[in-house]
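The two complexes that follow have chain A in common; it is paired with chain B in the first and with chain C in the second.
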Partner chain A sequence: MTLSLRQIPRPLLLGGLLIGASLVLAVFPATFAPYDPVAMDYNALMHAPSWAHPMGTDNFGRDVLSRVIHAYTIDMQIAFFGTIFSFSFGIVIGALVGYAGGLADTIFGRIVDAVITFPFLVLVIAIVSVLGPGLVNMYVALAVVGWVFYARIIAAEVKVQKRLDYADAGRAMGYTPMRVIFRHLLPNAITPAIVYLVTDMALAILLGSSLGYLGLGAQPPTAEWGVQIADGKNFMTTGWWISVFPGVAIVLTGLGFSLIGDGLAEVLRTRK
Partner chain B sequence: MSLFFLRRLIQLIPTLAFILVVVFVLVRLLPGDPTSAILGDRALDADVARINHDLGLDRSIPVQFVLFLKAVATGNLGNSITLKLPVTTLIAQRLPVTVMLTVMAALMSLVMAVPLAFVAALRRDELADSAIRGTFQVGLSMPVFYLGLILLTVFGARLGWFPVGGYGDSFGEHIYHLFLPAFTLALSLAAILMRNLRAAIIGVVGAEYVVFARSKGIMPGVILMRHVLRSALISTVSLFGLSVGTLLGGAVITETVFAIPGAGRLMIDSIYGRDYPVVQGMTMALAVVVSLTFFLTDVVEAWLDPRVAR
Partner chain C sequence: MTPALQVRHLSTTFGHHGTPVTAVDDISFDVMPGEVLGLVGESGSGKSVTLRSIMRLMPHHSAVTGSVLWQGCDLMTMTEAELRRVRGGEISMIFQEPGTALNPVLPVRVQIEENLRAHTELSAAGRAARCLELMDLVGIPDAKRRLTQYPHQFSGGMRQRVMIAIALASNPKLLLADEPTTALDVTIQDQILKLILDLRDELAMSVVFVTHDLGVVAATCDRMAVMYAGRIVESGPVPAVFAQPNHAYTRGLLGSVPRSGTERSPLLSIEGTPPGLTSRPAGCAFHPRCAFATDLCRRESPALQDRAAGQAAACFHSDRVIAAGLAGS
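Then we have the complex of A and B:
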């Protein structure tokens, strides 16, 4: 069954456009950015938005628009690396736990309980504080905490799937449990985890920029939205544009991902 | 009901035990090394040995765990390295600020979400519904530090309606100082609550018992308050419990933006100052707040819907 353009839910279409544009900027920032994002121009310090600098310049004379565009590369990377490890570990562990049931399931339940009692951000911040600030350590921290949520979704789904006829058929054919789990059950159980993945990308961008703002994520002078907002926070009354425009980019990208998530969920609901 | 209360109270014990394990693992087993984090890379060997000994890091892991449990049991969470105060004292000073901020934010989000959810649900798919949902969708994508910074600039620095930081000295001043930060924090929770409540109201309005009540000629206002609100509130309470972690995480950032002397701000400052015992203590304290909130929301849920307690 193919969807014609008119059948695609509007949130999905709008989200797709936003994220599509973000990806293009993330891959080809230099094509669209008018200036070098780290080049300082001491003749243009704190200039308000103008034709030469549509989003103004910051206190070092760097072009804000160029920094916002180059930050797409970093922040889209955060959306990807901030979620993909959680997703990969989570679905594998969730599928195994869901299939095994029993003791594995009980232990897993305890782990879930333990992790959800910690405020997610606080736990991630605490881990980053042990490992040291930086993007790589942030990805590690996100993976250490985040896999639990994917595993919970997949485990619940696999528990249902493994009782269905096709799972019995696979076992009757003499397939190994691993083959049944990963070739048959997982593909049928994965859809809700993918919907969650898209929503989680929005959360990863919010979290990544928050850590950047706090000085625990991307490090200056890297152009990253959270870092940029932190750079401009002391100039809010004299040069609002330094912080305000990067924030708009965060909102648009976060909105894009959550609209795609909502749209996907809607499509899947109507298909059922 | 009292049996449920007791059973749920007992369930708190393993949860609190797990919090201890996670906090312990966090500091000892992760590849980072607290001592070098405290002292930096160019530390003298003698200093490293001294700090290792002070923190008990020169013992074996099981021994360390027992010592850790003993210390926690006697109410000793170590001393702050930079502030030279017991971590428990710092928690007692700072945590109430964070809890007050969070409670204010929770109340504000209810005040925003409940009436707007009714409007959106009863005017479903009309302009009002789309406007409310669209606004909240954008609000949900807005990071708290960004929203906070903008509100602080506009209503604090520019218009001067609110203070630009601090906490004040009296209860009234606390509320005044925390108003903007709490509003900042409330918006994203209000968005989540509104979305859920709207769906719940739409579900309940079509339910048979509501149709029946309406056919008996009971006034719509009474139906809304007595039947619809009550049953829609049940799912809101449980969602509320689940969101408290997010709310506290947001409080950490909000406190940093608004310079509020709470637990979150202290935690971030301690990370910059490499003050390990404080980071560990605050992480633990915030997790305890979450598990107590889970407990409370479970009890409230059981009170609203006795079927939960069975």
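Then we have the complex of A and C:
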């Protein structure tokens, strides 16, 4: 069961390092950030990267590096809260639907069709615009749309698992359907959903940044990468660093989650 | 003595694209307390479906009719809650593939304890003690360590022992065994059979043994029922049936197995293959493969009739079958 360090796939190791570092920055931003993320310095407007400001300053004289570091707190939160509700809700619905089959499965299939017909981002934006902008409403919107994907994965897997003898054995032992579903089938079906969860965290960060950019997620002056990129978009020719460094942070974090997802899939596949 | 289990007119049909097909066709049998009944037949004869129908484990798109009386209660009309008390508590079941019948992601201890939790009032300490006791009972050494392991860390025979330990956790009065040794090596097979028989004596339970292996039947069963195309074609005490089959199919089955102590003779084989679920012939389902078949067999389906020596057979020509005797004897 235990893997030695050498057996850990490269992607998992690299992804783990990236996300580990991100988590440290997210939990202790003040320790690493050289300046206050919202403090404006009118003597240093739009300074190019220098020793004093490694990532330069923006049009209000705020230190870009400090803002990028403080944004980790928000964006890692988005990665977590943007996925965990979809995941929890999705696996429960998926397990129930997969086990019940029949009419429940047909209805569920239509719901899935209805959701995946719309582009994901459009649907989320529609919901956020109804609920009003802000992080909490963004989490709500992500959960409302996202659970379908987890439910679909789990339902398919449970449909396979419930035909195996151990499911029948569980029923033959007189266990309740709920017990068979959540104690026996779900743990056996959950692997692909966990792999998807990690990949989905990367997507959540991208989406959170996109919504931040569009003004529907985190609100200025909060330091959030999407917001920062939006702040810098008018200065692309004169102050590229305002947008580019938050963009790099997005790429690195997204890459980290994707690598973990890939590595995890590899480990779990070989174990089977 | 009253039977522990009485199966009466049990039929199981599947909806098959509109036309229902019958997998189990009006079968009745008794299991006495402490008795081992062998349910014998080729693949597709409906043996496993019979067991699963008794436990009401069939999928929703199948229809089961008839009655299964267990200690005076009909399992077929019980509520789900009542049924759950019987399943695993009073009647347990073990499966052909111990590898797939155990949950791969839970340690063995959790899986045994789960049954105890569902059917007994034991405390946590009581359950832990009972787990160790069960591991000893089914002959798994080093029980304490083995309990923490996962099914994939056990060999095939050991897995079947674990399965038996789970099934026996709450002292059932009836064990339904669905080809429990088919997936195992011959040497291991023997150990498992012996274990089941020992446990039968020790726990005074009845066993219904589904198998296609006549050797297993001869070694373990008190009585046997031979199934063909979803019906019981012959039943009776094992020695009597082996000595003098009353049905042409049983004769063919027994003739196809080598026997020691008799003159060397070519083995019989039954020509053809069993009919599929959707293409059951009219009359006696065995007639296309039967050397004794007459027009009567092609027209009418024979009912199971009592014969001598506690045997019963569903054959119009039992007398001719008996007269033909077993090949080579």
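Definition applied: the second predicted complex is superposed on the first by the 272 of 272 C-alpha atoms of A that agree within 3 Å, B and C clash if a C-alpha of one lies under 4 Å from a C-alpha of the other, contacts with A are read in each partner's own complex, and residues count from 1 in each chain.
Definition applied: a contact is a pair of C-beta atoms (placed from the backbone, for glycine too) under 8 Å apart; a residue touches a chain by one contact, two chains touch by 3 or more.
Given the structure is predicted, the values throughout are model-derived calculations rather than measurements.
Engineer: Have a look at chain B and chain C on chain A after the superposition and call it: clash or fit.
Structural biologist: In the arrangement built by aligning on chain A, the partners chain C and chain B fit side by side.
Engineer: Given the touch rule stated above, what does A:188 touch, chain B (first), chain C (second), both, or neither?
Structural biologist: second
Engineer: With the two structures laid over each other on chain A, which partner does A:13 touch: chain B (first), chain C (second), both, or neither?
Structural biologist: Neither partner.
Engineer: Could you tell me if A:166 is touching chain B, chain C, both of them or neither one (first, second, both, neither)?
Structural biologist: Second partner only.
Engineer: Decide which partner touches more residues of chain A, taking chain B and chain C as the two options.
Structural biologist: Counted on chain A, the partner with more touching residues turns out to be B.
Engineer: On the A-aligned overlay, A:214 touches which partner chain: chain B = first, chain C = second, or both, or neither?
Structural biologist: first
Engineer: A:251 in the overlay: touching chain B, chain C, both, or neither? Say first, second, both or neither.
Structural biologist: first
Engineer: Looking at chain B versus chain C in the superposed three-chain picture, what is their shortest Cα distance in Å?
Structural biologist: 18
Engineer: Given the complex with chain C, which residues does chain A contribute to the contact?
Structural biologist: It is residues 101-102, 164-166, 168-176, 179, 183-184, 187-188 of chain A that touch chain C.
Engineer: For the complex, give me every residue of chain C touching chain A.
Structural biologist: My answer: residues 52, 55, 57, 60, 83-89, 92-93, 95-97, 100-106, 114-115, 118-119, 163, 166-167, 176.
Engineer: Of all residues in chain A, which touch chain B in the complex?
Structural biologist: It is residues 110, 113-123, 125-132, 202, 206, 209-210, 213-216, 226, 229, 233, 236-237, 240, 243-244, 247, 250-252, 254-255, 258-259 of chain A that touch chain B.
Engineer: Quick check: in the complex, which residue numbers of chain B touch chain A?
Structural biologist: 14-15, 18-19, 21-22, 26-27, 30-32, 34, 37, 137-138, 140-146, 149-150, 152-153, 157-158, 242, 244-250, 252-253, 256, 264, 267-268, 271-272, 279-280, 282-283, 286-287, 290-291, 294
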